[in-house]
Amino acid sequence: MAIDRLTGEHSLAFIRSEQLFDYARRNSLWYMAFGIACCAIEGLMSASGPRFDFDRMGVFFRASPRQADVMIVAGTVNKKMAETVALLYDQMPEPKWVVAMGACASTGGPFREYPNVVLGVDKIVPVDVYIPGCPPRPESVQYGFIQLQEKIKQQTEERLAARSHSD
Amino acid sequence: MTDPRDIVSGVGMLSEGTHFVGEPPAGIRRVPTGVDGLSTEHLVINMGPQHPSTHGVLRLLIEVDGEEVVAVEVTLGYLHRGIEKLAEHRRYDQLGTLMDRGDYVSGMHGEQAVALAVERLMEIEIPRKAAWIRTMVAELTRIASHLVWFGTFGLDTGAMGQFLYAMRDREAAVEILEAISGARMMFNYIRPGGVVDDLPAGIDQKILAFCDGFETYLDEHHALLGGNEIFQGRVRGIGVIDRDTALAFALTGPNLRASGLGFDLRRDRPYDAYPELEFDIPVGTTGDSWDRYMVRMEEMRQANRMVRQCIEGMPDGDFKAKVPRVLRPPEGEIYAATESSRGETGVHIVSDGSDTPYRFHYRSGSLHAMQALEEILPGHLLADVVMIVGSTDVMLGEVDR
Amino acid sequence: MNLDYAILAGFVVLGALFVGATVGVSNVLSPSKPSERKAQIYECGSDPVGPPWVQFRIGYYVYALLFVVFDIETVFLYPWAVIFSDPDLGIVIVLEMFVFVGVLVLGLLYAWKEGALTWR
Amino acid sequence: MNPVLVVLLRILAALGLMLANGVVLIYMLRKVLGHMHLRLGPMHVGPHGILQTTMDVLKLLTKEDITPRGVDRALYFIAPAAVFVPSFAAYAAIPFSDSWSITSLDTGLLFTLAALSLVPIGILMAGWASANKWSLLGGMRAAAQQIAYEVPLLLSLLPVVMFAGTLNLGDIVRAQSGLWFGFVPRWFIAFPLFWPAFLLFVIASLVELNQTPFDMSEAESELVAGFASEYSAMKFGLIFLSEFSNQFIVSALGVTLFFGGWMIPWVPESVVAPIAPVVFMLKVYTGIFVMMWIRGTFPRVRIDQLMQLGWKWLIPASLALILVTGVVLKVAQATQGVTG
Amino acid sequence: MRPDPTAISSLLSSAGVDAEVEGTTLGTVFRVALVDALAALIVLREGGHDFRMLADMLGTDTGDGIEITYHLRSFSRDEEVYVKTSLAYDGELPSVWTAFPSALMPEREIAELLGLTLAGHPNPRRLFTTDGIDPLLRKRVPIRTLEEVRDR
């Protein structure tokens, strides 16, 4: 994504450096403090609380989207909120990820029949990890973050595989 | 008697010319400051929907002069998800799930309101034990809910520690509620006719241990935050809602009691086991943020006392009355309300005799507190806005519904 | 010593170079996907309302003026403090300072009386 | 050796120290706050999460650098440097031991204070240039509080200078060597006369550092991220870094001026000399720990209360302090010749 | 808690408001004409019964119009009454905020979700939804069907 501008996308220099940077990225996932509804209590408050303590994994909150890596969509997104979610996602710097937390953010949840509710936040922004539950327990959110780390890890592995394939 | 029009002064100050989401309002207005040629321009700031301390998705359009707030307009609807509409398509025993997600921090009170309304409409007499269990879980929920308020209020002032200590105690309360109902937040435990299930074996020891611990923890919490000079300096005399304003805006719950009017549904419209319990109702004097803080702290203490009484005097018997599998209340209309953590949580049901309500209305304490905000915020500093919003403890889930 | 001041100059130059270098390296390493909405000023997830650069409260500038006076006076106090312990100067040095600080205090009192110290 | 090389090496050493400080202090903050809040803090990267800050820096290095539309471009780019350079330059005069310091400026104290007081100008620049209302308010608050507390900070250190008779930080430490009455170390903090000065210094320096309970310029619950709201990637990282570096500088100043710098009481100078820098660093880190402790427990003051406190209490108090100290010192000098 | 209906209806008629008393499961309900609603509320507030709080307000789509219910509470006498009035679909609802400021937002909500217009309201804009959304609480506006939800 970056050194590739100098050395090309399949260069070893690029892939190796991305391997290092992906390691850094997945261990320093700062999320944007943006609680919409019920899930915010479980996913953001309890999560940073003494019992679950996401800080252990380097998952830490920043209030401004300019300094965030992950957006946790924690709650029902309706048509009025959709613009805000999209704007905040756009304002985050690359590389960035989205976690759809709970049934509402994934599909609309218990409110999916109401015409004002958006059927899942993936209609607005690309979602990387879906966490089921209404609301998911903080442990589930933790597991979701571990899955996100796995996903970041896979990026470089896929690049390596593509390189050996092209050779 | 005060004319309400004297109380309401700032309404619509920001709304010269119509503006909707995305469209800028009139913007800057020049206001002469008395010095020739020197004038201050007002700044219009968007606070929210994404802001660390608007407690969800509240959006305040604030017009400031320097840091002083001149006018405020509250914009709602970022969490409007149609609880009232969807309830018209749910059976009566399913309404609790929606109410849980309305005021999501104190779900039990919403469920209780629905259950009371349906029981009154169908004239169901619930067993004594069911009433006692309901009262106990409602008070436990009140503790859990006020702890969230306490933690975020501390966070609003910049005291991180209080938030984390409050979360620790909340985890303990939530664990008990989970053992009873099976869920941490969305309980769906109180149903028309009683409760879903009996108390699990051995839970009374756990609850008593929690009550003992919480008594001392509460003193610690109060000493840490309320005993701090800086904190007192920030909340005393800030955001005063006097009695007339509180009545005019129909505030209920702790916000009303802080203004000096001791109206409490648990005592004045008794329901479930409250007539048999002993508890005090804290009442404030001036209605400033400090009074609201003190009222809520004392409510936690009283709630703890009630939980203890409930456990000690828990009667034997059934936990659920004999109710038909599908509830079909007779045609009619009913209003039932419970004293929730944020005020009067009322349920207004219009029944047409079928198994779903014809019209379901959810009256929430937070919406009315929200209206009062527009009125009391002007004149304060920007930093106070956060404190006042925090002290009224609005929950956007039940504002937008 | 002259070397000391050379070092100070070096600090400024090298510090600026370091900032430039890190930002430069970061720009090489980082992806860049500019977009219209990304470049929009952040305002809590809504579109900004009105421009931010307004004529700010006059109170701030009054403080700035007061500060300039006090800060310069304070800097004058430092050379005085350095030679304060010199036994040759005796009690006179204290009396002189009473006059100097007295003028400052008078100024402060005047500003206080005019209400310039009240934050609004 | 080539003097240019010497200069370069010394500056690079300072740069290394600053970066190391930033990394260690951010890790320390997260750990200290974590344990105070019944949590663990970073645990996953390296033993006890010791590499956590390194990961954060690496990540920030590879984040996209956003320049929003409508910012004042020149100022927006200069601001991180304007925050970073002065706080870096402040390392120049800190005496780590009798012989170890990057320079031994004769005006060391004045220079360090001057460097520190330049930082808020960078903050104001960042706040203004960002074209963001929260940033603007943050920058304005930073400027206002810096203005109000610059004077008490400068005045609170005057008694020390009056007593020591020098502005050279190394010489000020040397003036604190020896024992008083044979058992009280001659550190300035041991003299009751300097206690009010120390109190003033602590309050004023916490304000200058934008530290809790005076962190109004980046008050997270009020101003989102304050003056840094619009900064992303490494620009934000540099601002963040210099903030922690400033903590180090202020703590080092406090140790130098009041706590006897690199010295250990009752232990002869020659014994301490080999480990003097370690002693100094330990003292400085203790000071920073206290700042973090305050940060973990205190709520935030409101801006008008802060300004009232500054202009109406601290400035008159510090002026009175100078006069009282002057009279007491002269009287003592006349009667027994304590100084000399 | 239930006040004496005769005393209140005589109070209302003395102010020139015709009110029909209904004793339902809800409580004491007075049905008044739309034009009299504000006057009735003011009388209840200022008359001897001291109904100082408009505790709640709701609108119902009855099938042939909109029915508005005002829920009043008196603290000095510990009484609650309900005042009902009806108007046609898309009708104009006169604001009662001059008597009870707590009606400000509920009125906006009712007007928006039941498709009414507000008269005499200082800020008669939408409260919850964005422009172009149907009055969702009307019975004619359906919720999404299961098929729509499944297809997403």
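Here the chain labels run A, B, C, D and E in written order, and each chain numbers its own residues starting at 1.
In the analysis below, contacts are C-beta pairs under 8 Å (C-beta built on N, C-alpha and C of every residue); 3 or more make two chains touch, one makes a residue touch a chain.
Quick caveat: nothing in here was measured; it's all calculated off a predicted structure.
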Listed by label, which chains are in contact with chain B and with chain E? A
Maximum number of contact pairs occurs between chains C-D
Could you name the chain whose CA centroid falls nearest to the centroid of all protein CA atoms? B
Which chain's centre, taken as the mean of its Cα atoms, is farthest from the centre of chain C? E
Interchain centroid distance [CA atoms averaged], chain A/chain B, Å: 31
Centre distance in Å when chain A and chain C are each reduced to the mean of their C-alpha atoms: 40
Note: chain D sits from chain C at a C-alpha centroid distance in Å of 15
Distance between the CA centroids of chain B and chain C (whole Å) is 45
Where chain A touches two or more other chains at once, by residue number: 2, 21, 34, 49-50, 63-66, 80, 84, 88, 91, 93-95, 113-116
Out of chain B, which residues touch more than one other chain, so two or more? 21-22, 43, 45, 49-52, 67, 77, 80, 82, 85-86, 89, 164-165, 168
What positions in chain C touch 2 or more of the other chains? 29-33, 38, 40, 42-48, 51-52, 56, 60, 120
So which chains end up touching which? A-B, A-C, A-D, A-E, B-C, B-D, B-E, C-D
Which residues of chain C touch chain B in the complex? 43-52, 54-60, 120
Would you tell me which residues of chain E are touching chain B in their complex? 1, 24-27, 46, 52-56, 58, 60-61, 69, 71, 75, 78, 97-102, 104-106, 113, 122-123, 125-131, 136-137, 143
Considering only the defined contacts, which chain E positions touch chain A in the complex? 128-130, 133-134, 136, 141, 143-144, 149, 152
What residues on chain A touch chain D, complex-wise? 2, 20-21, 23-25, 27-28, 49-50, 53, 55-58, 60, 62-64, 66-67, 69, 91, 93-95
Taking the complex as given, what residues does chain D use to touch chain B? 33, 36-39, 133-134, 136-137, 141, 212-213, 215-216, 219-222, 224, 295-305
